[in-house]
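Before anything else, here is the set of structures, which you'll find just below.
Next, two complexes with chain A in common: one pairs it with chain B, the other with chain C.
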Partner chain A sequence: MAAEPIIRFEAISKRYPNGTEALKGVSFSIEAGTIHAICGENGAGKSTLMKILFGLERATGGTIRIDGQPVDISSPRAAASFGISMVHQHFSLLPSLTVAENILLGQEPRRGLLVDRKAARERVAALAARYNLEADPDARVAGLSVAAQQKVEILKALSRDVRVLILDEPTAVLTPPETDELFRRLHGLRRAGITILFISHKLGEVRALADRVTTLRAGLLSGDAAMGDISDAEIATLVMGTTKTVPPLREPHGFGAERLRVDNVVLRSLAGADRLDGVSLSIRAGEILGIAGVDGSGQRGLVSVLTGEVLPHDGDFHLDGRSARGCSTAALRKGGMAHLPADRFHQGSARTLSVVDNAIAGAHRSSRFSRGAFLRVREMETEARRLISDFSIRCPGPRAPLSALSGGNAQKVIAAREFATAPTFLIADQPTRGIDIAAAAFLQGRILDMARQGTAVLLISADLDELLALSDRVAVLYAGRITAVLDNGPHLTPERLGPFMLGLEDAA
Partner chain B sequence: MIRRTLAPFALTVLVLIVAVAAVLIPVALATPDPIGMIDTFLFGPFRTFRHTGNIVEMATPAMLCGLAVALMFRAGMFNLGVEGAFFLGALATAAIVILVPLPGWAMAPVALAGGMIVGSSACVVPGVLRNRFEVSELVSSLMLNFAVMFIGLYVVNSVLRDPSAGAMVSYRIPADARLPRIVEGTRIHLGTIFAFLACIAGSIYLFRTKAGYESRIVGANPGFAAHLGLPIRSVMLRAQVLGGTIAALAGGIELLGLYQRFSWQGLPGNGWTGVVVAILARDRPLLLIPSALFLSYLQVGGDLVARNHDVPNEVVGLIQALILILVTASAITRSPRLLALLSGKRKEGHA
Partner chain C sequence: MTFLETIAHIVDLVPVLLRVTTPILLAALGVHISQKAGVLNLGVEGMMLAAALAGVLASAASGSAWVGLAGALATGAVLGFLLSFAIHVLKADLILSGIALNMLAAAGTTLVLYMLTGDKGMSGSLSSGVLPSLAIPLIADIPVLGRLLSGHHVLTYLAFAMVPVVAVLMMRTPFGIRLRAVGESAEAAATAGIDVARMQIAALVLSGLLAGAAGAFLSMGYVSWFSQNMSGGRGFVALAADLMGYGSAWGTMAASLLLGAADAFVISLQGKGIPSELLQSLPYIVPIVALVIHARARRKRFVRI
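Then we have the complex of A and B:
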């Protein structure tokens, strides 16, 4: 292997036209044939750096060297010509096309004017064999699981003579067994000579996968070390700074009366993955019930029913002893339900509206924020300022549009709004997915506080560490059914939940 | 901070200058007196008091129609029934003052109220169709405009037509019904003051009332509105009722403010101007005022050029078109609402 690093960032800086400095002179190298992890909070600059490397954004200062040569990466196409490819968190596949069509889109083998399907199939099969990523070339992408789609996405990236593969939080959508599988594949790719840049929030994964880790904080390089030379605690400090965030831990506390009861709820109407096949649950005041399960096991269906978005075909649910079946979202919210939605931009907020508008929405009809038909605008702004400081939300001001905030801060605005209603029942759906460690720890602490004050919490999370840290009990959803309800404790581990999540065991 | 708030404003001004120059300069070069033509276009409207008054007269319906459009666009409703509502509002107002025997003082208020009710249907019908049957309000309102026009012309011809007049126009509007002129030497009338106040009220409605807040939420992201449990359908319908009512009232005011008879032979185009005004003002009610005044200024300039130089006043249409393209080009990149419409995805809470 050449002594020259494959990629060298030299004093890369990025200043946006609005004055935000996303990167302030970051320099480090990536050795060829290694798996290199990049860690940092949201807003630390790692996404910006990757976008610069992938040609989606231009640096305002500094140089990128590839194999020692300074290069100008002006577009993703240019990045591809240097052998750099990226697998985004959100896949860019066409669901109605087959795996082969997706992978070779834009570079189809031709025979005359027609696409040579046979050659395409063979090329995909050869590609899959070469990197040991098996995929059925003729399967429609729409019918594939998320993990299989990710594999297709990786194959697509590899189909164009790739030397450097950027993976942006690849495990966010995967279950633990799928993650292990992905890691084995990535190790295989490294053996095949591919350099992998791995962006992650999860230190356990960085430890399991990476050869070297670079940490960014507030646009500056805060650390760069071989994995063997650094401990997890040290990485955490480099990522988050010296402010110590105590990892949230479940404390034993008493429970009150039953707040939510779900009786045998059946839902057939939504797309196959979201059906519910007789789900029953119970959550007491002060209790956090975690829902574990592979993505698409019925979590969305359950949330849609409990928020009044859809009417279940059968079964009922009770809030504080009163039947809530058929209640509108408005009625449920009035009855003490609050909801931190998984999709924070399509459901949880309006990006074009201001922080105030997002923070107060829903409570605006109360006498506190309105008089007659009119809003008490000053009162709203005062409350928004209070929430901004209470949740330490970093934003230019209460009147700034929500789109000016980072993902973690936007999620804090949503949480601040939902928590401020002092709910008796809270649905926290993927409350910390994709947000930085500090914000995640903060929100987890707040969820625990809510439970301590007597709120019944339904916590849905793909992050098993989070579920096990916060939940009093864990229920496992598999194919629309609850396959187990387990008390949390030291004995409860991801390994124990795994068989239930994959439908190998059924305790119900 | 100040720079940041002024930047979009400066950008808009720049876009306007570019649009005017890009049309005016080539057209002027084709005339025998390019300097004179540009001079007439740009400064002519301010040389006589009467022409300056024309700007304000024209801006009056433009402000009101712009307000109607802005309130509907803000709620995410791309209802283009303003044109039909304006026409029908004016016609119904004319019909009431001509046909209904009323005491002089009651004529204008009663007729305007009647015009509002009848005229608003051009927006309300598409709104109801959207509400009940998910019919695209964009398509239905666009088509209904022409249905409204032909029904209206039939009514003019068969009921209101003054046989002693040479053309297909209505009977005279009684002098008592006319809106009083308020500036000597111009035709600026009471409706102008009303239009200014309406824009201010529109701003208060959008940013200071519960209903306006809810319509902004629904327009910005229906999924968010559903999450909050807002009554999305009624918010959408309310915006369209409000928009239709304002546009119809604008038609009535225009008629009683400036006309002797109902004499339109087709859609007058004020509703379309309202769409341009609203887009230029980025759906901000207070910005409708300068936006309407500016577009009217261009129109007056264009009319003067048409009269004094050998240039048809269609140049103004060209400038407007260019402004629209430039302004919406940046609005498209900003507005998720427009993006959603253009990409055919209309996210709305599941019922």
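Then we have the complex of A and C:
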């Protein structure tokens, strides 16, 4: 190999101010024009390494070389000057701005003193066409589905002159066809000479996309190999050490009485992605109903209605036979509902509060955690410790702020909290998004356990394998309507669901 | 009262309404800019007060009302800069710094006044200029329209002209978009390569300039003197106007007019046998009621997104 690697990490170490050693002397190279995957468990240090490369964090030891030269990347601005762009694990979009304003933030085209809106629109449209990622330049980001926001994030990263594109779990929110499409685009970018750093927990994706893979374990380099020289099982071992994961198994069991009944719910929302056009559903005790559908087909609207965040314009829903339309979220939760939201960071958690506060939120008024006006702090901490060990959450301790946890570990805190309430009705919206293989298997196992004990589960997932592994029945949502409700079984495959998800077939 | 007389009566009220709205609107637009940048200018009351005194002093020293206005604007801008300096360099708390600025201005203006004039209440012995009102040629001669559009104070025209200027600045310029980005998520804005501190400093300096203009209007708009605590809570009323303005410059103007109307109403009732204590509390009761109504309206549950 004659050419210098485009990026070389040399003994990179990172010690966060709270003492956590996220990286302990990591060295490896990235060859120009390749797609390089980085794998590791939740908390292994992947995002930390990428943030150092993007100038968001400073390494506490080691050197980064670009084209062989040692460089100092002190800010995202400096990273941009080296041609480094990043799509973040947690979105960095501004909800109240439009798509075009977000993508061109900091590099707006001008006409005189004003933003040249026409030029901005055209630039976004050209960018979207070039990478085949559709986006409406004038839409407000707040109204977009998570998948649409993901596309905007990627376009934003590509809007500058890029040599190196960092993608921190970009596919976590995409459905399989969307992921395939993205991968075709990424291959195209590689052909255009762009180097891509790609983080994912899904080995299938790594296999399909990457030329080389580096694995991290607890801040140390555990492996670095060309994809051709390493099997999936070997990668999994390098990522997890010796532990083996057992995929969860759905066992047939009887169902109880009807728990949730949704009758003809209509939601005329401002944002199309939330619209519901007469949705009816039923879930029995012990049953898992999976919702399949391209993201933005009404999932967010359905969840908002069932959690009492919005009042539907028409229709009703019943929990255990009682009408729940107009009930507040607090009342619904008291009645046994739990909700693991898809957007864990905006809706599910408070990043600056501690792990304890996040793990107890919602239950803080129960007699278990409060006496009169006072919280029982010791009880809270005991419970948080129990959740931390049950869900193997990697964190410095229960009092650490949630912002000091890795993306996946923060998600596990929220999942642990919702599961711990022993709900009679659970809404699990993308429960394993961003969670590593072992932890995902664990969470899926817990969902099955809960169902066995009589919980009615509404499972929404972009991951069809997960949906088919867990659901007793699958309902397909398309453009705010249920287009099919199918019993799960060996005959039900992603191929069978596809036409319903795309609105080509309608069995309802 | 005939119909025409009623109309004439209402037309007569308009200049009063615009006059009392002017300082509230100027200050509220300043608050609006700061709030959009995520650094709500709680020191606006103190900035107005200090600028009012600085205007009188600069005018008395130079003999020109315009130099006085420049002094008032500069004072507001400098205080805006100091506030952002406290937040960004000294890492002081935004709210506490704003409150401290208000207290400092209240005490500081009295001290300076006493040192220069020997009087703690009024600056009567200093003669300051008065900024002019403008008669618009031709329009001034049209019967009703002339009364509505012409003859107002130069700063009144400025205040209302600033509404579209601020609206365009915030919504249509790169500066405004970046400012709003910083206010919405400093972290995300920084990731996009925007210098958060610089944007917030700029926002507070602009906010101070507008508060300075409001202060100049108080001491040099129709009178030629400064009196102790002459801002009289208008800065806080401006904060309320911004909160009620639904995050837009035009909304801020509407709210300022509403709160100004309460003031004007009080003025029109003065000397009509209603207890003056009751009357004087009205301008403070209106913002409270308006904020409560506003908060309730926002709880409408249908439209979330």
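The rule is simple: the second predicted complex is superposed on the first by the 362 of 508 C-alpha atoms of A that agree within 3 Å, B and C clash if a C-alpha of one lies under 4 Å from a C-alpha of the other, contacts with A are read in each partner's own complex, and residues count from 1 in each chain.
FYI, a residue touches a chain if its C-beta (ideal position, glycine included) is under 8 Å from a C-beta of that chain, and two chains touch if they have at least 3 such contacts.
Note that the structure is predicted; figures quoted are calculated from it, not measured.
Within the superposed three-chain model, A:346 lies in touch with chain B and out of touch with chain C [touch as defined at top].
Using the contact criterion defined above for the overlaid structures, shared-chain residue A:14 touches neither chain B nor chain C, since it reaches no partner.
When the shared chain is aligned, chain C comes close enough to touch A:80, but chain B does not. Contacts of A:481 after superposition on the shared chain: neither chain B nor chain C is touched.
When both complexes are overlaid on chain A, the residue A:310 reaches chain B and chain C alike.
By the touch criterion defined above, A:105 lies against chain C but remains apart from chain B after alignment on the C-alpha atoms of chain A. With the contact threshold set out at the top, residues 304, 309-310 of chain A are in contact with chain B in one structure and with chain C in the other.
On the chain C side of its complex with chain A, the touching residues are 168, 172-174, 177-178, 180-181, 184-185, 187-194, 301-305. Within the complex formed with chain B, the chain A residues making contact are 18, 304, 307-310, 328-333, 339, 341, 343, 346-353, 357, 361-362, 364-365, 370, 373-375, 377.
Contact residues on chain B toward chain A in their complex (touch as defined above): 4, 207-211, 213-214, 216-217, 220-221, 223-224, 226-231, 334-337, 347, 349-350.
Put simply, chain A touches chain C in their complex at residues 56, 75-77, 80, 86, 88, 92-97, 101, 105-106, 108, 110, 113-115, 117, 142-143, 156, 269-271, 274, 304, 309-311, 313.
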